[in-house]
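Each of the next two complexes has chain A plus one more chain, namely chain B in the first and chain C in the second.
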Partner chain A sequence: MSLGGAAQPFDLFVKDINKSFDGQFAVRGVSFGVRAGQLLALLGPSGCGKTTVLRIIAGLLSPDEGDVRFKDRSVLGTPVHKRGVGILFQNYALFPHYSVAQNVAFGLRMRRMSGTETASRVREALALVRLEGLEERMPHQLSGGQQQRVALARALAIKPLILLLDEPFAALDRKLREAMQIELRALQVSLQLTTVLVTHDQDEALTLADEVAVMRDGWIEQIGSPSDIYARPTSRFVADFVGISNFFMGRLMSGVSGEAVVDAGALQLKPAKVPAEFQAGSNVTVALRPERLQLKIVEPASSGPNQVRARLERVVYRGALSFCHLRLEDGRPLIASLAAGVDSTWISELQPGQIFNVSWDRAANLIIRDESASGVELD
Partner chain B sequence: MHRRLFQSFGSAAGMSGPALAAPAVGFLLVFLIVPLAAMLLYSVSARVAGGVLVPAFTLENYARIFTNDLYLRFVIRTLRVALTTTLLCMILSYPLALILAHGNRTFARITMLILVAPLLVNLVIRSYGWTIVLNTRGLLNWLIASVGLPVPGQILYSEAAVVIGCAHLFLPLMVLPLAAAIIRIEPSIMDCGRVFGASEFRVFCHIVLPLSLPGLAAGSALVFPLTAGAYVTPALLGGNFASLLGNLIEQQVVAASNWPFGAALATLLVAILLLVNLIFLKLFERKTARWVHRGR
Partner chain C sequence: MQSQLRGLSAALIYFVALLILAFILAPLIAPVIIAFSDGIIVAFPPQRFSLRWFTKVLADEEFLAALAFSARLAAAVTVLALALGLPCAFGLARRRFPGRDAMMALIMAPLIFPVLVTGLALLQFFTALGSRNTFLHLVIGHTVIAIPYVVRTAAASIVLVDEAIEDAARTLGATRLCTFLFITLPQIRQGIIAGAVFSFVTSFDDYSLSMWLADAANFPLPLQIHVFIQRFFDPSVAAISTLMILFSMMLMLLIERGMGLSVKRLVTT
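Here is the complex of A and B:
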C-alpha cells in the first residue's frame, strides 16, 4: 500500500507518529490513511498502543513526532475542542447530570448553535439511533444498549469530520453487541462517516472494517482489508492473533523441479508462492489455517508434500465448527476444523485415537515472518 | 473467623443489631444528648444577682437576645463571617482540589503537604502568626507597600482578618471532600467534554462544577458551622471589633457568670446552624437529585 501520495484523497492521515510515556515507547512509526467514508480498525491486544493512537487523533494527546492530517491539513496545532471529531467510549461516558437530549445537544451547545437548530439536530440524531421519546430520561435510567445509542447520537449530532470509536461494544453482551455492530456499520456507510475503530476483538474488526491495521508493541504489524489480514497474514503474530493457525518451522529449499519446498522434519510443505523476502536455504515458518485441512481415514498412506499422518486426540464442538486437536507422529500438535453443514457425517463418527491422513492444497501454506523464533511472547 | 464470632454473639443474644449499636448509642447519650439537654435546661432557668441559679421556667433569656440590638448584631455578624468564609473556601478549594485530583503526582503531594501541615501547628500559635502577617506594620502591608500599591491600613481586628484566619483553618475540610468528589468523575467524561467542543474552562463549568456539588455540599456543611462556632480565631484576630457569638457566650458564661443567658445564646447558635445546614443540604440535594442516585 502506498502511503503519503499527495493525490490520495485521505480524510484522515496519520504520519510517522511516535509517542512515549516516561521514556517507554507507546507508539512508534505509525502511519496510515483513511479514505472518505471508510472505516479503519486498529486491532491489537491491550497495551499495543491503539488507544494512544486514537487519543492522538482526537487531540487528547499530542505526538512526540509525526503528523495528523484531516483532509490534508495538519491539525496538530488545533486544540482538542476545535478538532470537530466525535468519539464513543467503551463506558459511554455520558454526562450523568444531563438528560438524553442535553447529552446529545452538548456538542452543539459548545458550538453556540441556535436553540431551534440544536433541537432539530438532536431530534435527527436520536431518530438515527432510534431513541425518539427518551429525550427527558437521565442516563442512569437507561439500559447499557440505550446508553450506547445516546453516546452515538451525541457523536453524530455534531456531524463529525472523523468518528472515533474506542472499544465501543466491549461492555455489551454478545447478542446486543452483534446487533449494535451491524447497526453502526449501516449508519456509518449510509452517512459516509470516516471512522477509526479501536478494538481487541478480531471478529469486531473483521465485521466492521474496510481496512484493518493489526498493532503490536506500538507499531502496525500489518494493514490491509479484512480478507487480506485473515487469508494472507504476513507475520506469525497476525496469523496467531487473527483466527487460529498451525505453525511449522522448517528450511526453505529449492525442490527438484525448481519449485520451493519447506522441509519441516517429517513434513514437507509445498507453498504456492514464496514472498520475495525469503531466500532458499533460510529458516521459515509456515502458517496453516485449520479450515484448510482435510481429514481422511488413513489408507495405505501415500507420502508426499502437504500431507501428514496424525492421531486425533479430542474434538471441541463449537456448533457451526468442530475443532479436531490432532498430534503428528513426532508429537507436534495440529488443529483442523470441520464445518457442521459440510462435514456433518464425519463429525458424528470421530473417535479419539483414530489415525487420519491430513492433507491440504498448496495455497494453504502461508510463509510468514516469525519473530517468535527469537522468543517473543504471543497470546 | 471474627465475623463468625460476632454472628454467634449476636444471634445468641437474639438482638444482634441493637446490641452492636449500644456502645455508640451510649456514647452519644452521655456526651451529646445529656449536655444538650443540660444546655436547654440552663437556657430557661432564671438567675438572681450573684450568679446563683434558680430552678424556674422562663423565656426571658431568649427575649433578651431578640430585644437587644447588640446581641442581634452578634448573630448577624457571625452568620456573615461564616458565609463569607465558606464562599472564600469554595473559591480557594477548586484549584487546590483540581491539583490534588488531576495534577501531577509531585505537585499534588506538595499541595497536600501545604494544606495539611498547618493542622500540626497549635491553633493559638497559628492565630498569633496571622496577627504578625495582618498587622498595620505586618508582612502583608509591607508587601503591598513594597510593590507600590496603596496600603489598605489595618486588617487585623476586623471581620476580614477573622475570615482570613478561619478560611486558613478550615480550608482542608473543604478541599478534601471536594477533591474526593472530583476524583470520582470519570476521566472519560471530561475527555468527552473536550472532544465535543468544550475548552478547559467550559469543561470546568459544565462538567466538573456540577458533578462536584456533592463534595462542595459536604465541605460547606463542615466549614460553615465550624466558622460560626469559632472562638479562638475571632478572639485573637477580631479583637473587640469582630468577635462572634462564641466570644459573646464565653463572656456571658465566664466573665458575667450568667449561665442561663450564655446557654440561651448557645442554644440559638445550635438551632441556627442546624437550620442553615438543613437548608444548605436540601438546596444541594435538589440540584443533584436528578443524577446522584445513579449508584443505587
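Here is the complex of A and C:
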C-alpha cells in the first residue's frame, strides 16, 4: 500500500504500531489505511488489541513504535484534545450532570465557539440523530437508544476528522441494535465520515464495514472487504471466527491430470485453486463453509473427490437456516446448512440416523493457513 | 433496590431505631434544656427559662477567642487535609500498584490508633525537632486525624466516576485541567464537601490531641470548655454545648443540602 497516493488518499493511516503493557504485547505490527468516507471494522475476540488500536488513534494512548497519520500528517505529537476525533463509547460515556444540549455543546464550548453558533450546531447535530425536543432532558431520563444518539450527536457536533466507534451497539437489545446499525451506517455514508469501528460481533462488522480487519493476539490476521473475509478466509482463525467452517487436514498432492488434490484420509478434496504459498507434498488445512455442502440420498453412494458419506446426528433449527450436524464414517464431524426457502421440502424430511452423500463444488474448498496443524506457532 | 418493610419486622426495626436514637440523643437533651434555665446553678429540670447564659457566654472574651482560634485551626486543617487527601484518594481509587492495600491501611490507621498516643508521639516528635510553632503543630496533628475522612469520602465518590467519561471529554477537546474542572469535579463534589465537613468537625471537636499540643496562646475551644467546667458551676457551659450542637447541625444541613440523595449513595457504598 502506498502512503497517500494521489488517486485515493488515506484519511487515516496506521503504520507498524507496537504497544505493550508491562512487557506484554497488546498490539504488534498493526498497519492499515482507511480512505476518505470509508468505514473499517477492527474485528476480533476480546483481548485481541482492537480497543488499544482505537485508543492509540484517538491519542488516549501513545504507541511504543509506529505512526498514526491523519490525511498524511503524523498526529503522534498532537495531544488527544487537539486531534479532532469523535468517539462513541460502548457505555456512551455521557456527562451525567449535563443536559442533552449541554452534552452535545461540550466539545464546542471547549473550542470557545460563540453562543449562537454553538446553539445552531447543537440543533443541527440533534437533528441528525433525530432527537429534537429532548434538549433539556438529563441523560438518566433517556432510554439506551436515546443515550446512544446523544453520544453520537456529541461526537458529530465537533465535525470530527475521524469517527471512532468502540463496540457502540453492545449494550442494545437485538432489534434496536440492528436498527441503530443501519441508521449509523446511513449517517456515516451521507456525511462521508472516515470511521473505524471496533467490534467482536462478526455480523456487525460484515453489515457496516467497507473493509474488515480481523485481529488476533495483537496483530491483523487478515484485512479485506466483508465478502473477501467471509468467502476467502486465508487462515483457520479467520475461517473459524467469521462464520462457521468445517476443517479437514490433509496432504496436498498432484493428481493424475496435474490438478491438485488434498488427500484427507477417507475423503479427497479437489480445490479450484491453490494459493502459491502452499507446495505439493505439504500438509494443508481445507475450510468448507456449511452452506456450500449439498445433501443427497444416494444409494449406493458414489465415490470421488469433493464428496463423502455421512450420517445425520441432529438438526439445529435456526429459522432462516437449519444446521445439520453430520458425522463421517471415520468419526469426523461435518456441519451443513440448509436454507429455509430453498431446501424447505428437505428440512421436514430429515431424520437423525439417515445416511447422506454430501458433496460440494471445487470452489468451496478453501486452502488456508493453519498454525495448529503445521505446529509452527507464530507467538 | 430496597423493598418496603411491612408488619412485625417493620415495627421491630422502627422500635430498635428509636431506641438507638434515644440512646444517642437523650444525653444531649439535658444540657440543651439546662442552657435555657434562669437559675445560677445547674439543676434539672430548671424552674424558669431565660437566655441569660447565652448572653453571658457570647460576651465572654475567653470563649470568643477560643472559638475564633478553633475556627481558624479547623479551616486550615480542612484546606490541608483536602490538598493532601484528594490526590491520595485519586491514586488509591484509580490505580493498582504494589503496596496499595498497605498504604490504604496506613492512611486509615489514625481512625483506630488511640489519638491520645498519637498526640503524645507528635509532641515528642516536635520537641525533638525543636519546633515551637504551636499552631503548625496543631494543624499537622489534626490533619493526620482528618485525612482518613477526606480519603474515604472522596475515594468513594471517585470510584463512581466512569473513566470513559473523562476520555470522552478529552477527545471532545478538553484539556486535563478542563476535564477535571468541568467533568470530574462536579461528579465528586459531594464526596469532597463531605470530606471537608468531616475534617472541619474532627479538628473543631478534638480534645485528646490538642491537650498535648496546645499552649496558652493557641488554645482550642474544647480545652476552653473543659476549663470553664472546672471554673464555673453555672449553666454557661451548657449554653456553650448547645451552641456547638447547633453548629454541628448546621454543618449536617450543609452536607444534606449539598449532597441531596447522594448522602444515601455515600453511606451505602
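In this section, the second predicted complex is superposed on the first by the 365 of 379 C-alpha atoms of A that agree within 3 Å, B and C clash if a C-alpha of one lies under 4 Å from a C-alpha of the other, contacts with A are read in each partner's own complex, and residues count from 1 in each chain.
The working rule: a contact is a pair of C-beta atoms (placed from the backbone, for glycine too) under 8 Å apart; a residue touches a chain by one contact, two chains touch by 3 or more.
Nothing here was measured: the structure is a model prediction, and the numbers come from that model.
If you put the two complexes together on chain A, you find that chain B and chain C bump into each other. Looking at the shared chain after the overlay, A:P139 reaches chain B, while chain C stays out of its contact range. In the overlay built on the shared chain, the residue A:F95 is in contact with chain B and with chain C. By the touch criterion stated above, A:H81 is placed in contact with chain B and with chain C alike. Looking at the shared chain after the overlay, A:L187 reaches neither chain B nor chain C. In the superposition on chain A, A:R111 makes contact with both chain B and chain C. In the overlay built on the shared chain, the residue A:A58 is in contact with chain B and with chain C.
Contact with neither chain B nor chain C is seen for A:L176 once the two complexes are overlaid on the shared chain. Common to the chain B and chain C contact sets on chain A are residues 58-60, 80-83, 85-87, 89, 91, 93-97, 106-107, 110-111, 154, 158. Within the complex formed with chain A, the chain B residues making contact are 186, 188-189, 191-199, 202, 206-207, 210-211, 288, 290-291, 293-294.
Against chain B, in their complex, chain A makes its touches with residues 58-60, 79-83, 85-87, 89, 91, 93-97, 99, 106-107, 110-111, 138-140, 154, 158, 164. For chain A in complex with chain C, the residues that touch the partner chain are 58-60, 80-87, 89-91, 93-97, 106-107, 110-111, 151, 154-155, 158.
Those residues of chain C whose C-beta lies close enough to touch chain A in the complex are 162, 164-165, 167-175, 178, 182-183, 186-187.
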